[in-house]
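After the structure tokens below, expect a handful of questions from me.
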Amino acid sequence: MSDRVFSWLLFGCALLVVSSLLWVLGDVVLEGVAHFTWQFLFTAPMDAGRAGGISPILVSTLWLLLIALTVALPLGLGVAIWLSEFAPRNSRFAGSIGITLDILAGVPSIVYGLFGNAFFSIYLGLGFSLLSGGLTLACMILPVFVRTCESGLRAVNDDWRRGALALGMTRSTTIWHILLPAARPAIVAGLILGIGRATAETAALLFTSGYVDRMPGSLLDSGRALAVHIYDLSMNVTGGDGAAYASALVLVILIIVLNTLAQSLVDSWFKRRLTIP
Amino acid sequence: MSRKKASSYTLGEIKQGTPCCVPEPHLQIQDLAVSYSRKTVLSQVSLDIYKGCITALIGPSGCGKTTFLSTLNRLTDHHEGARVSGKILFDGQDLLNDPVDTLKLRRRIGMIFQKPNPFPLSIWRNLELPLKEHGVRDHGLRRRKIEQALKDVGLWDEVFDRLETSALALSGGQQQRLCIARALVLKPEILLMDEPCSALDPLSSAVVEELILRLRDRYTVVIVTHNLAQARRVANYAGFFWMTERVGKLIEFGQCQHLFEAPIHELTAAYISGARG
Amino acid sequence: NDKRLTLTGSSTVAPLALEIAKRYEAQHPGVRIDVQTGGSSRGINDVRMGLADIGMVSRALKDSEQDLTPYLVAMDGIGIILHQRNAVSALSDEQIVNIYTGKIRNWKEVDGADQPITVVNKAEGRSTLELFLHYYALKNSQIKAQVVIGDNQQGIKTIVGNPGAIGYVSIGTAEYEEARGTLIKLLPMAGQPATVMALARGRYPLSRPLNLIVKAQPSDLARDFITFAQSPAVRDLIEAQFFVTP
Amino acid sequence: MDIKNIDNRADRRLSALLVLLAGGVALLLALIMLLLLNESWPFIAKGWREGTWLGLFQNQGWYPLEGRFGMAPMIWASLAVTLGAIVLALPIGLAYAVFLQFYAPTATALGFRLLLNLLAGVPSVVFGLWGLTRLVPWIAQWQPPGASLLAAILVLSLMILPTVALTSAAALAAVPKELISGAMALGLRRKTQILYVVIPAARSGIASGTLLATARALGETMAVLMVAGNVVQTPSGLFEPVRVLTANIALEMAYAMGDHRASLFASGLLLTLLVWLLSWIAHRVTRITKEKRQHV
Amino acid sequence: MSRKKASSYTLGEIKQGTPCCVPEPHLQIQDLAVSYSRKTVLSQVSLDIYKGCITALIGPSGCGKTTFLSTLNRLTDHHEGARVSGKILFDGQDLLNDPVDTLKLRRRIGMIFQKPNPFPLSIWRNLELPLKEHGVRDHGLRRRKIEQALKDVGLWDEVFDRLETSALALSGGQQQRLCIARALVLKPEILLMDEPCSALDPLSSAVVEELILRLRDRYTVVIVTHNLAQARRVANYAGFFWMTERVGKLIEFGQCQHLFEAPIHELTAAYISGARG
């Protein structure tokens, strides 16, 4: 195989990926735009979702996300800090926490759904509610978030740790003022991953946050997530395809918006802090 | 070179320190040995570090110079698998065997590293953080201390109008001087410097060297350097480390001039004549 | 707490119950009605356990379920559907059984084109499946399916995408799709056309009741809601979901 | 830096607090395992008592309402779908990463990377929707019923492609520049450099990315449910419909009662154990490569 | 030190090369200048590299020594934004302005880097890969060439029983010798070495230096080194680079002895006496 054939092969693969992506996305955009109006975002679903919009569903989705992040963020950051800054190098406990996290990151979302249903909904008596759905999502995104933050913290220059030690600074100060800000890109990246997974999740929510498409009145109310709505519209509602595609469009755009938001945050941060002389 | 500029530095009022070369030990190291996970890398090191003098340590790469410096402020505590034995007497206390508050110790014994390691914060915050950490609550006092430290290292004129910009935007030489200022702002008694010029370009290197020279008499300085000429230029005392059978040892120690002009040990002679290492 | 009602059960009834609940809420401020799907058997289970006030069941109650009281809300039928381009226009019960048990594998054996048959079946636990099996006196293990679907709409999509497929779905669903120009057609059953109209006249054989069920002593609110669901005030909602008012 | 020595009280207190949080993570896994075990216990115990538990892994068919719980076909299907998706996504994703990292001009690379991020952000239901309405009919034209192992593999490989490509690109980017300069200085061709120098140097990163993608493929539910056909049978051909373990749970969980429900929890337990095995392999792989690199 | 061991090396039969120091130019560099995205880093460099001689290049960090070496085998082609002007004559061809097959060129001009960079393959494959690439199809021939190259660098005895193990498991010095063997196996005419010993410990460094010395007469070697003593020990010719206004220039070039003992330029004198840099 010559150099040229090789590069054409690579180019072919790239093209294949790009074209299938455009196929998927093009479909969603074309079909979605056909059904989309601004009203769609601000009205409640009617007629099982065939008509009306998705406002309560958007609200439920954002609530679920908020609950998941509120729980997973501090918890995950704490664990990440412990793993990278406090855990003794050869500690078996830390090692097994690492392995545990890897397993948890790989556990299928449907299993989280089973767990959330059995634990939060039934055992803790939260029933079908935003709270039990959000907590399930928190468990689901926690391991990925911890791992990303941990590797971000580990990647922070040891020079700074050494410098801080030599100045007699406590570890808490070092972490708070230097390491965490320095690892912020990774933290935001973990956030993006978490947001992406939580927003797009269906399986784990079917049995936890439920199916009710009304505007939630409290966190103990059941609420339907956008992804669940798409699933229901496409699988269970006659004539729901248009609304399903429109909702899919909204979901994809929502994730992109959250993505770019986080990304631009990182970029601006880089520019502000790490000015290259 | 910028000698002229350098001569306008102020190091605060000149203290009437003990004149150099009238040896009064500030640190007494006795039979120090260090091993990393059972592999001994340094053994049988005994020497006195004299107050107000500059002691230069030379020797080939890997012979344990950095390790030696790190024992003096107990940074070896944080080296993986490091075990230190022997005695280091400082102010009547044995740093290795008596209970020591390492945070306070490191305030009294500052350290400068080979690679400049300013924190990824503004120039101002780099100096403010250690001060705050060590309980300097008064804002005005902090301000004065910081300004003094920056003047001492000749950085004030260069940066006074951009104290809020990132320290990482400074040039290498400026960064290293900032790190020295960061150590000086805590008013340490001893300064440990690990090849402070070796990562700098020749111009910056000269400026930093000039600065070190001006620290003499006011501070006790221990400096590791690969640049023999530099050692000769700045030091009062010099020690030569060499590795035999992969274990670093202090081969010769004495007044700088003696060591360079009339070395006792043949290894020293070979090394400084450039035949070895 | 008596201002809140929880309904769980059949996925067939759920969209209808949801609409009815919304209208009821609008007329009775302060009342909240939560509707969760989960299948008919879950509805029965939850009502028995007291987890739900009202259950939704898309079939008649069995003998073992006589401790519960059903209230008929609407009727639904199950129709056999084919792809519109399929030349076959009618199938006997025996032919359907043979197709579903894998004895007939090509459309040409039933006077269609030379094309393999794709049998679309429902997943276990759904009452649509139970009804279908019951009507043809089959056991699920006898069926040799090529595709197993969860919900009605997946079935329709599967058949649209596959000209050789045969499946069964709720008649209302199928009629609606057919009217919108979706490429499916409903087969008559036992000589009766599979239409909501025939169903309404009570002639269509493969039909089922859509019930709301309660335990012996339902709350006032539950009773009031059921009365509402059975009243003419929700007739338009039932029709909009392509079910038949009883 | 080693952290074994904590110098003061405040730090020790913080450390203690964080250890508790870390313990919470361990607790979470324990809790998940415990609940899965607890919920599936009646089923497992009954199988054990009656000696029928081996039947789970034999081909007795999955007819929960008739009391037949043969999971073997679904286990095989899960493995086949996962393997197929990896076999497809790994070379293509790697090629994409190489193209991105070494061939594409900067502007093009930026665009291609953006697309990849987009693809990574598309939720699985959307892939399912697309697969159900576009891909399955397309396959059915050619080999009915369309909903099949192949459809599941195609949709899944598209879904895990971004994971493979992004992690590989990161691993490739981390290959030391000196290594590439070395290869150039020897007059090696671009192709040789990539195949024999860069990729071997990046292999542990690529491997861990692949394992991540494998776990993702194994755990994917909705998209597979929508396109795989869901017939419980041992996969015997690419065009045959199959049902994977995850889809089985999603399909039947809402309806399941008693033993049926317990058997679904048992399959959740099984999936978790599979993931356990997978991450054990991942740890072995990284440990072995680390050991290999250690100087003698 | 391991001088005794080193003397048992074989470098194959001794070719009757032109005796060194009878200058016959192998490479003629005329008015070379290099800029990175418009910033000139090297200019006005003209010198001859003589056949069979070792030419040492010294100078402070950042003055463009590595950049200069890279122009000679056109590695600068792959440096982003690099523009090279001037002339490099090699075998009657101008490497910069005439069409050149860079793959062949790099076979004839080998290069060794500061950090040992063996490929992450087995020891054997490291040497086999370049041979295969350059069309040595015969397995037996390859075998002989590889063995010879490993013997030339004194590595054969150390590794002959584990040729299939990873090259990364070798020690630093062994890795660097492997890299030299990898270059030698292609029988290049010229070897460019960029600080080949600076990443090694003193023992390995001495072994590699010994090896370089044994390459004299058989190969034309251009070596960049920071170790002035080393330059003196091995080189026939020496060039001194210095940076003025951030642009690197060749300040002085001549026979090694002259340059070190009777430098013409005062900057050279200052640098080699250690007063600068």
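We call the chains A, B, C, D and E, going by the order they appear; numbering starts again at 1 in every chain.
Here, contacts are C-beta pairs under 8 Å (C-beta built on N, C-alpha and C of every residue); 3 or more make two chains touch, one makes a residue touch a chain.
Molecules present, by chain and UniProt name: A = Phosphate transport system permease protein PstA; B, E = Phosphate ABC transporter ATP-binding protein, PhoT family; D = Phosphate transport system permease protein.
Keep in mind that what you see is a predicted model, and the values were worked out from it rather than measured.
Student: Starting at chain B, what is the smallest number of hops through touching chains needed to reach chain C?
Tutor: Steps on the shortest route: 2.
Student: Starting from the Cα centroid of chain B, hunt down the chain whose centroid lies farthest away.
Tutor: Computed centres place C farthest from chain B.
Student: By mean C-alpha position, what chain is farthest away from chain E?
Tutor: Taking each chain's C-alpha mean as its centre, the farthest from chain E is C.
Student: Between chain A and chain C, what's the gap in Å when you average each chain's C-alpha atoms?
Tutor: From the centre of chain A to the centre of chain C is 36 Å.
Student: CA centre of chain A versus CA centre of chain D: separation in Å?
Tutor: Their C-alpha centroids are separated by 17 Å.
Student: Taking each chain's centre as its mean C-alpha position, how far apart are chain A and chain E in Å?
Tutor: 52
Student: Measuring from the mean C-alpha position of chain C to the mean C-alpha position of chain E, what distance in angstrom results?
Tutor: From the centre of chain C to the centre of chain E is 82 Å.
Student: Could you list the positions in chain A whose residues touch two or more of the other chains?
Tutor: Only 89, 162, 165, 170, 234-235 qualify.
Student: Enumerate the residues of chain E that touch no fewer than two other chains.
Tutor: Nothing qualifies.
Student: Specify, in ascending order, the residues of chain C that touch 2 or more different other chains.
Tutor: Residues 11, 37, 150, 154, 157 of chain C each touch two or more of the other chains.
Student: For chain D, which residues are in contact with chain E within the complex?
Tutor: 176, 178-179, 181-189, 192, 196-197, 200-201, 203, 292-296
Student: Where on chain D does chain A make contact in their complex?
Tutor: 1-4, 6-8, 10-11, 14-15, 17-19, 21-22, 24-26, 28-29, 31-32, 35-36, 38-39, 91-93, 95-96, 98-100, 103-104, 112, 115-130, 132-134, 158, 161, 165, 189-191, 194, 212, 215-216, 218-222, 226, 246, 249-250, 253-254, 264-265, 268, 271-272, 275-276, 278-280, 282-283
Student: Which of the residues in chain B come into contact with chain A in the complex?
Tutor: 73, 75, 78, 80, 102-107, 110-111, 113, 115, 117-121, 125, 129-130, 133-134, 165-166, 168-171, 179, 182-183, 186
Student: Inside the complex, what are the residues of chain A that reach chain B?
Tutor: 89, 157, 159-160, 162-170, 173, 177-178, 181-182, 272-277
Student: Of all residues in chain D, which touch chain C in the complex?
Tutor: Against chain C, chain D makes touches at 61-66, 68, 132-133, 136-137, 140, 144-147, 225-226, 229-232, 241, 243, 250-252, 254-257, 260.
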